[in-house]
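Following are the structures in question.
The two complexes that follow have chain A in common; it is paired with chain B in the first and with chain C in the second.
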Partner chain A sequence: MEKKEKITRLTVGPAPHLKSSLTIEKMMWWTAAALLLPSAGGVYFFGMKALLLIVSCSAAALLFDAAGQYLRGLRVQLTDGSAAVTGILVALILPPSFPVWAAVLGTAFSILIVKHVFGGLGKNIFNPALMGRAFLTAAFPVLITTYSINCRTLPGYDAKMSGAGTEAVTGATPLSGIKFENAVYSGDSHLNFFLGQKKGSTGETSGILILAGFIILLANKVIDWRLSASYFMAIFGFSGALWLTDPVANVDPFLYMTLGGILLGGVFMVTDPVTTPVTGRGKWIFGIGAGILTVVIRNFSGYPEGVMFSIILMNSVTPLINRMTRPRIYGT
Partner chain B sequence: MLKEFFKGIWKENPVLRQLLGMCPTLAVTTSSVNGIAMGLATTFVVVSSGIIVSLFRNVIPSQVRIPVFTVIIATFVTLVDLILKAYFPDISRALGPYVPLIVVNCIILGRQEAFTSKNPVLLSVCDTLGMGLGFTLLLVVLGSIREILGSGSVFGMHIMPAFFRPLVIMVLPAGAFITLGLIAAMYNLVNQKADRT
Partner chain C sequence: MLRGIKIHSYKESTRHEKIEGLPFPEKVTLYASQHIGAHSRIIVKKNEQVRRGQAVAQPQGRCSSYLHASIGGKVQDITVLPRPDGLVCEAVVIAREGDQAIQLMEPVKDITPESIRSRVSEAGIVGMGGAGFPASVKLDPPKPVQTAFLNACECEPYLTADERLLIEDAKKVVEGFRLVKKAVGAEKGIIGIEDDKKHAIGVLRQVTGSSGDIELSVLPKVYPQGYEKMLITAVTGKEVPSGGLPHDVGVSVHNVGTCLAVYEAVNEGKPLIERVLTLAGPQLIDSVNIRVSIGTGIREIIDYYQVIRTASSRILIGGPMMGFAVDDIDSAVMKTTSGILVDNAGKTVEHPCSGCGKCVDVCPMGLVPQRLNRFYDGKDYAGMKSEGLLDCMECGCCAYICPCGVPLTYKFKAGKRKL
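Presenting the complex of A and B:
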């Protein structure tokens, strides 16, 4: 009875039955590749210190990821690239003058506490890189707000005009300048800031390089355009509305978008597939919520920048958004 | 009797196993001194009210037992509060409202409800003393870790080398949650390992 002749084998496996060539490894390595552009920008504008920060954070991330996998009794493998991406991101959102040992400590927190304690790749609730920075913000409040490396001036530009060159205001980034010193930036600032000639975190200076990375990611379908689009639109709309009500006190929305970490966060953090909703409507809610929170924190709180906290806050409600926007099952 | 005493320290540790008394655990453990003061104050209250409740356990009507326990506990908390204010004003100031709040610490009411109202005095003393010391022990460990990393000192003495930079986060509420979470994880890990063997 059991002994039947060979029949055509029908493979019955669990869903999903469609196979995509886009694997996790591919997504992560494409992200790492796209991150090289803002990294290169950081090294160009801030020099060797930025390179040292990026290299040591990525190396530390790989090391701590291996340690985390070993401690959890897993087979150690680093080829998925997620640790490298986290490491680079941690470096890119820190000030270029940030001490390397402290950056390594933040990376350890990102990988060991935020990623591995919550169950490893794909199971973390919060974006590891952002939580690493949040940890460092709370742990070293002075170091994290010290931007002591001046930005290199682009050839053919007047450093004084840009508010970013060596002769410009020392200490303050444009964001904290606007917030605490009532600094006013001239019409030229738009292009300068967009090209990257401003003080700030290592990877957030050059908008044009970040957008180039954005195109790489979109072209390879690594990220979902809805998350970034809703995030940028919400910020543009909200800051534009504020600017229309009071053009003197508020920055115009075009300049607003080039300041701080909005572009970097909107391209590389808001689009994290692990910590953001999976449903289409959920992605819109997430992006709009994060965008509104960013502007609220930036304009109405004691912090000059709100990208980090807004995304972390929205990360924490991602499971709720997923549940809220669950597609209706046919027949119910 | 010894079993009743030691269960509070490890096996049924009020914070790590029963997850009671979270509010003082997280709020006052910014330094080891605060931890030990809060722990000993709570121990005193839980042991003394345990003795009284145990003595009167047969005459307290069960319908009004919770108000009665609360009044007994509040009496001893008032004592502790006034003693701290009179003899240790610094500690009293550092602990702030958390001393009067010992009244509502669920470890204390929980012990009366679960143990002392059903057991003789000597057993009640063992039980409450164990619970109080288990609580104190955890508060000292938590407070010391946070003080070493957050201020570079332990029991007020500076011990970390000069190049050490204090992690401000450890004296903030977030540091309390992270440290307590890691301690609880270690506790579960040790228990799991012990169960297996």
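Presenting the complex of A and C:
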């Protein structure tokens, strides 16, 4: 038989031969882009210290991620953006006055212990940024509750007009004000708090910037809306029910949602793909569970805030939720 | 509601163009295995003269098929050759010579289920959608069938061969479907079609119009709507039991091209020697639907049209979701070849699974691909089985959607082979 010469070399590969254009790199960089909004808010309200914190934590995260990959004998690559996202998140959930050296230590814990010791990208059980903060909460209980940088007021805001509003800018965070000092916030606090004029962690204060990031993430299909929706709905419902039973002792649900880390957590933490369930029903259960736990910890424990522990607790039962909510296989 | 994926169809370049005929090729390669089941037994000798339409191979056993010369000429060789999918089997190579009139069989006069089945067998008809199950066997279901389906969904991107057949030859296809319906003993016939095929739907409405025995069911365009289990569930609400076949729910599903072939075999006495396929893809100057002789070389077809070849050129047989990439351009068109696509291989970088769960949302079978993937990586193939691996139909939705570029479908195919 005659031998035929091959004219072209053909590329082969397994089906399917079409791929969706949404890649994990794009998802991570969209997340980083969305995080720039609350980061910018942090810099506006708390000044250059906030910027220093964000830059050091993200640089440290990239460095520790490279070190972690190197120590595990992997090829070092940082282009997936996941370490940068973790670094920025760590900075955003720390008080702006938090010492940089301690923040870098927390980032090291996030990346080296929570991420790499558990098997690296995609294998970690707990949200690295939240666990980093939990570590710092245990290690530096005073520093983590010290909010010594005053919040910059919004243009046109008259401090003499509202007493409690001023307190939120220079005194304690509104959350500990409510918890420990029986502070009551007047009607105009809703808008000011939502815009970001209050004390709090670096990136958590401005609801409007976080929600703008939320829209970016939803529009690009980076996050699963069910996780955020169930989380917000559970908190709104639960806190609303508490407010209805006792409007004096409890904050109304609208103000409640703007306080602390609920919006930041609901947009950037509850939606972490790695540490949350893969099934549709599982995502609802996760969000509702984390929402209820957030309110329970906030209102009925010694801590003023419950976002961090609620999400970490739900992270720990994610494998169980996955197992229990498997979809029914067709034809069975 | 079918989960699946909304996917760009890429059908616009071919769906409005008439099916083109291709000149007879210089030679054809007829594989003795074009179907599921036992290879056909070759009954011609080297150097023998054959007429176009003459049988060159016979079925061995019940689940097998006849094979006919698709061009007239001389048997140049009988040898073992690779098929487009890489499997090697015996093949008859015929060099074209002389007269190309088809040697027809007598049309079937007394139309009964038995006479239809035996003619379908003599004509060498196999399922033309891609699986290639011998049609005569499928027309003899082991359980009573109440409903016959004509599957006109053609949900794979790029492919429009069935759609064009319906537009140009709807009467014959529907008549063929009536024969199929009679053969399987169904009272009811349903044509399932996706709602983007506006022209074909219009033609079908006219053709089936007042008859009442055939119903048109227009379904939303979701991939993989054309997978038979999905089609059955979308129309009837019934689910084919796990591990079962459509006849377990009293249904029998048939392809458009197959129904046309049945019509031609029964009423015109024509054996299955040619088929319509879509030649498309970004690397082609003109995308077309063509009618080609079975056994025409892929190289010949591609060279007939203008193709841009680059280092990363890829030739796919079938659709881009479930089709396969060819490594030997000298292999030939089979009865099951529904399309030839020429495109460029994109670069996919694989990352570890991020656990986003998009694969779970799209799996039409209700599997958890993320979990199957974990078991595969841990070499726990029994674990994969208990997670429903055998229910996976390899539609490719999970691998399509995976942002991390994990070749999920490929891993599940590999997992099945390990069992």
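Convention: the second predicted complex is superposed on the first by the 300 of 332 C-alpha atoms of A that agree within 3 Å, B and C clash if a C-alpha of one lies under 4 Å from a C-alpha of the other, contacts with A are read in each partner's own complex, and residues count from 1 in each chain.
The criterion applied here is as follows: a contact is a pair of C-beta atoms (placed from the backbone, for glycine too) under 8 Å apart; a residue touches a chain by one contact, two chains touch by 3 or more.
Here the structure is a predicted model, which means the values were calculated and not measured.
Asker: Taking the superposition as given, does A:A15 touch the first partner, chain B, the second, chain C, both, or neither?
Answerer: second
Asker: Per the overlay, which chain contacts more chain A residues, chain B or chain C?
Answerer: C
Asker: I'd like to know which partner A:G331 touches here: chain B for first, chain C for second, both or neither.
Answerer: So A:G331 only meets chain C here.
Asker: Between chain B (first) and chain C (second), which does A:A139 come into contact with in this model arrangement: first, second, both, or neither?
Answerer: First partner only.
Asker: With both complexes superposed on chain A, which partner does A:M48 reach: first (chain B), second (chain C), both or neither?
Answerer: neither
Asker: Tell me which partner A:N322 touches in the superposition: chain B (first), chain C (second), both or neither.
Answerer: In the superposition, A:N322 touches chain C alone.
Asker: Contact-wise, after the overlay, does A:T279 reach chain B, chain C, both or neither (first, second, both, neither)?
Answerer: After superposing on A, A:T279 lies in contact with chain C but is clear of chain B.
Asker: Classify the contacts of A:I113 with the two partner chains as first (chain B alone), second (chain C alone), both, or neither.
Answerer: So A:I113 only meets chain B here.
Asker: Looking at chain A, which of its residues have contacts with both chain B and chain C?
Answerer: Shared contact residues on chain A (touching chain B in one complex, chain C in the other): none at all.
Asker: Could you please specify the touching residues of chain A with respect to chain B in the complex?
Answerer: Interface residues on the chain A side: 102, 113, 117, 135, 138-141.
Asker: Which residues of chain C touch chain A in their complex?
Answerer: Spelled out, the residues of chain C in touch with chain A are 5, 7, 77, 79, 157, 229, 233, 239-244, 309, 311-316, 320-327, 329-330, 341, 343, 345-346, 348-349, 351-357, 359-361, 363-368, 370-371, 388, 391, 394, 396-397, 399-405, 407, 409-410, 413.
Asker: Which part of chain A faces chain C closely enough to touch in the complex?
Answerer: Spelled out, the residues of chain A in touch with chain C are 1, 4, 6-20, 22-27, 80, 120-123, 224, 273-280, 282-283, 322, 326-332.
Asker: Going by the contact rule at the top, pick out the chain B residues touching chain A in the complex.
Answerer: Those residues of chain B that touch chain A are 165, 167-170, 172, 174-175, 178, 185.
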